[in-house]
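Below are two complexes that have chain A in common, paired first with chain B and then with chain C.
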Partner chain A sequence: MNSNGFAIDVRDVTKKFGSRTVVNHIAMQVRHGEIYGFLGPNGSGKTTFLRMLCGLLRPDAGSGQCLGLDFRTQSGEIKKRVGYMTQRFSFYEDLSLEENLDFIARIYSVPDRKSAVDKSLERLGMTERRKQLAGQLSGGWKQRLALSACLIHEPQLLLLDEPTAGVDPKARRDFWDEIHRLAAAGLTVLITTHYMDEAERCHRLAYIAYGNLLAGGTVPDVLKNAKLTTWEVTGNDLPALAEKLRGKPGIEQIVAFGSTLHVSGRDETALRESATPFMTGAWRWQPIPSGLEDVFISLMETAKDNFS
Partner chain B sequence: MHRVWAIIERDLRRFRRSPTLVFISIVMPLVQLVVLGYAFGGKIKHLVVGVVDMDHAVPAVKLQEMFQAIAANADTFTPIYYYDETTALRDLKNGRISGILEIPPDFSRRLLAGANPRIALVEDNTDQFSVAALEGSLDALLPAYNAAPVSPRLSATVTLKVVEVYPYVPYIQFLLPGVIVLAVFISAMIGGGIIFIDDKARGLHEGYLVTPISKFELILGFTLSGAVKAIIAGTVLITVGSIIAGIPDPLNPLRLARMFILVIATALALISMMFLIMVRVNDPLVPRAIFGMLNTVLYFPSGAVYPTQSFPQWMKAITVVDPFTYAVHGFKQLVLKNTGLVAISGDLLFLFCFTALAMGIATLLFRRTL
Partner chain C sequence: MRFNWQRFWAIVAKEFIQMRRDRLTFGMMVGIPMLQLILFGYAINSDPKHLPTAVHSADNSIFSRTLVWALRNSSYFDITREVQTEAEGQQLLARGQVQFLVEIPVDFSRNLLRGDKPDLLLEADATDPTAVGFAISAVNSLAATALNRDLTGPLMKLRASPAPFNLVIHQHYNPENITQYNIVPGLMGVMLTMTMIIITGLAITRERERGTMENLLSTPVHPGEVIIGKIVPYIAVGYIQVFLILLAAKFLFDVPMIGSLTLLLIMTFLFIVANLAVGITFSTIARNQLQAVQMAFFFFLPSLLLSGYMFPFRGMPVWAQDIGECLPLTHYLRVVRGILLKGNGAAQIAPDLWPIALFLIIMLAIGIKRYRQTLD
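Moving on, here comes the complex of A and B:
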């Protein structure tokens, strides 16, 4: 199958569990060497989508290719070329780092696996810890081990399912630096995350909620297409102000950000009219550019809930 | 008290949502009642006894007719006839028959001469329960044979001479084969069942399902690794267990080698059976619950603790398909009788075929996806 320059090129991908549609006709195109962020709330279908791409789940509908291979019929071949990092730490805690990596290398039939394991340990700075049991590692080191294991067979595509959940900021930063190095070397990365700062480090991203793809593109594209107007409010008793504003025409979203309030809506005129009575001395209103978080919360709240 | 109620309610909710656990906890005691009740309480029947008639005269034929009468009524034993003692003894040692009744060549002549002839019962005394049943049946038969129907014509009486083929077998030795199989089963349960389900529950299996490994490779890998652990347990039991139970010449290399082959066959059969049972199970509590159930349903009907001849028909049907039966039978032959591989060839064949079948079905049922 021709890859047309895309590492992933799928459309109408659908998955149902019983009567629930978990992934609903999703299309996705990811270029080679791109870091593609996949965002969405818990239970939105991100993990299910990733599992379908790497053959862990069978889609009910959809077509397309992953690394030039039909993602529905050639999952065996796709598995050889994909590194998948699961949401849960899926390594043996009673085996050492070296033993875990060696096991994975053997399963993938990696040639010269001793050197592959050594290289893997060295690249992620784990040579000193090679004999340490995986169960004794901190969250950050476990994440490094999982990434090393994903890379040991030199895949062309990395599928990372919330790889930085529960990891400290320093480890997250190191992790993202590594991801960018890998992408620069030609590896394609599809990563799911909840963190907005991480979303902004992706080349392109997509937002999914309740199984539906709600937005996609580069960060500026997503922000622009959302057409969201946001005002930042400072002043006293912001919770009381929020209560007064809630439900007014044009006001779709009121979110507290520290000591400020973000008030957003897509109908700029209606939003201004509703806000004008409260633009008094007690509160200071200032228009600000909408951030990804404003956009995503807005998208989520307006998305049709398939499960309700 | 609110907290206590919270715990009770939580546990009952979880229990209700696991139908397998509910089923096992309710049905298990009933199964134990029925299986254990019949496993230990029944009369021993259908023992196969070889008859070697070296006399062929009318009194000997009359004796044989009485054997047939027992087969037709009490059914404690079924006679089969041999022309020579050697063949009968070979079958006795290979476990095909439970005893030999020998009618000596001068039986009728001595009887008519009033010389109190004796018939011999050559018995496989490795199974004391069967031996007792057989002796009891013959002890009841001979007074009837000796009783005069109308008027005393014969002044002589026939007596039974019991010949034990093997040295006395205490119950601990009788139990040893079953314990060896149980040790292999426990390892099989842990290796083939609990570890696999724990991998699923901890999400570890997702890690290897996403690799290019095939279903068969996975199942074969699990089966062989579990078998190695079960073989280690079995090997300890066949050596240390034999010493503790006082088996004569316990470290005989030839016997140990034969037992090792049977340990391998048993381990493979039980591991593949466990894998087949667990292949679609996700709840980590289920294998723990199933363990007790399997123990009752497979171990007790195997003849490990009481002869299968005493079981009702439905339980005998279990023994036919139960790999424990063949493993226990094989170990009895090797441990208690020190026979060769020929005597256990049927057991080995069943266990290897069972392994292939269980692995084949498990591979078909195994889900390569989540």
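Moving on, here comes the complex of A and C:
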């Protein structure tokens, strides 16, 4: 199968659990060497989609290729070329770091296992902790171990399912630096996350809610296509203002950010009309660019109206 | 802090909700007492009657027929076979197809009438002393009076007590009625059943419960590699148990070891694998480790009670024997006792080989069919 320069190129991917459609005709194209962010609320089908890509779940419909292999019929071959990092730590807590890595290296039939394990320990700075049991590691170290185990067989594609959940900011930044280094070396990375700062570090994004793909592209594309207008309000007694604005036509989101209020909506005219009576004295209104989070929440609200 | 009724009721209510959600535990709480009630109430009988008995009668006379009739009438003996030679009868005893063999010698009636007190030989498979104990005491008391009906007229003088013939009882395989000889080899099967099923039952559910299964399934590993890979280490563990029990049997309990140990170890392999297959199958069904242990217990209890380990197999009603025949432990117990105490060879244990093999094939088929390579 021709890969057309895409590491992942799938269409109409659908998965049902009983009568519930968890992933609904999703298409995705990820280029080689790209870091592709996959966002969406909890239960939106991100994990299910990743699991279908690496053969853990059988899709009900869909077609396409993953690393040049048919993702529905060649999952055995795909598994050999993919590193999948689960949401929950899924290595053996009663095995040491070294034993875990050695086990994974054996499962993937890595040539020259010993040096692969050593190299992997060294790269992640865990050489002196090699005998420690994985269960005794802190969250950040567990995440590093999981990443290094996913990489031991030198995969061409990394599927990372919320890899940085519960990890401190420093460890998260180190993690992302590593991801960028790997991508620069040619590895393709598909990563799910809830963090907006992480979304902004991806080359391209897809946003999924209730099983449907709602937006995609680069961060500026997503922001531009959302056509969301946002005003920042400063002044006295903002909670009272928020109460007054809530439910007015055109006003879709009112979010407190410290001592400011962000008011946004898709219908710019309606928003302005509703806001005008309050643009006086105590309150100062100022248009600002919408943030990714505002956009995603707006997308999610729309999706709720359309699909549920 | 004072005892607060509201807090207390919060805990009680929560426990009930959780109990209701966990169907299997709830089923255990109701099912185990029912199972025990039925097994102990109806199936278990420590005074077994209707034991299969073979008769080798070299003397076809009214006396021998009366004796056979009297044995049957005692309700302890069911005459299931009439054999032509003594060797044939011995073979039936060795295979465990009959519990007793009655030998009526040539010229029994002639010697009886002469007042020469001929021997009447009752050979018993006494591997399990409790299985034959009551029957042997019954036959002793019946011997004295059994022939009285036929000893009329001029033969009245033969009615004297003790009996007009010598009742000779040969208790084979365990002549001293040492319970340990029966229990210790049997324990090997019981231990293997319990530990093998629980250990492997946990093996796959643990991966699922800890989330490591998801990781394993995302690798190129094949289901056969996982299942066989998980079984092999426990085969080794099973053999360690077998060696420990055999050593104890030999040096602590002086259990005779007449047959071939090699044959025993080969049969043990089949039995261990059969039990591991049960465990693997359970672990593909159970959702967590607790459920796997509960299922193992559900299997273990009938195995313990209906296999003939704790209570004589032939003391149970037919339906309980039928269930027992389906369990690998029942057949393994016959094999172990047969090899160690009776010195049985391959020919004699063959009838117990195929039920274990059949059980293994069925369990493996279910296990592999149920093992899912995806998380669907």
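What we mean here is this: the second predicted complex is superposed on the first by the 303 of 308 C-alpha atoms of A that agree within 3 Å, B and C clash if a C-alpha of one lies under 4 Å from a C-alpha of the other, contacts with A are read in each partner's own complex, and residues count from 1 in each chain.
Keep in mind that, in the parts below, a residue touches a chain if its C-beta (ideal position, glycine included) is under 8 Å from a C-beta of that chain, and two chains touch if they have at least 3 such contacts.
Quick caveat: nothing in here was measured; it's all calculated off a predicted structure.
*Asks:* Should the pairing of chain B and chain C on chain A count as a clash or a fit in the superposition?
*Replies:* By the criteria stated at the top, chain C and chain B clash after superposition.
*Asks:* In the overlaid three-chain picture, which partner chain does A:Lys79 touch, first (chain B) or second (chain C), both, or neither?
*Replies:* It touches chain B and chain C both.
*Asks:* Contact-wise, after the overlay, does A:Trp283 reach chain B, chain C, both or neither (first, second, both, neither)?
*Replies:* Neither: A:Trp283 stays clear of chain B and chain C.
*Asks:* So, A:Arg88: does it touch chain B (first), chain C (second), both, or neither?
*Replies:* both
*Asks:* Once the complexes are superposed, what residues of chain A are shared between the chain B interface and the chain C interface?
*Replies:* Chain A residues touching both partners: 51, 54-58, 76, 79-80, 82, 84, 86, 88-92, 104, 107-108.
*Asks:* Touching chain A in the complex: which residues of chain C?
*Replies:* Within the complex, chain C contacts chain A at residues 210-221, 374-376.
*Asks:* Would you mind writing out the residues of chain A in touch with chain C in their complex?
*Replies:* 51, 54-58, 76, 79-80, 82, 84, 86, 88-93, 104, 107-108
*Asks:* Could you list, by residue number, the parts of chain A that touch chain B in their complex?
*Replies:* Answer in residue numbers: 51, 54-58, 76, 79-80, 82, 84, 86-92, 104, 107-109, 149.
*Asks:* How about chain B: which of its residues touch chain A in the complex?
*Replies:* 202-213, 368-370
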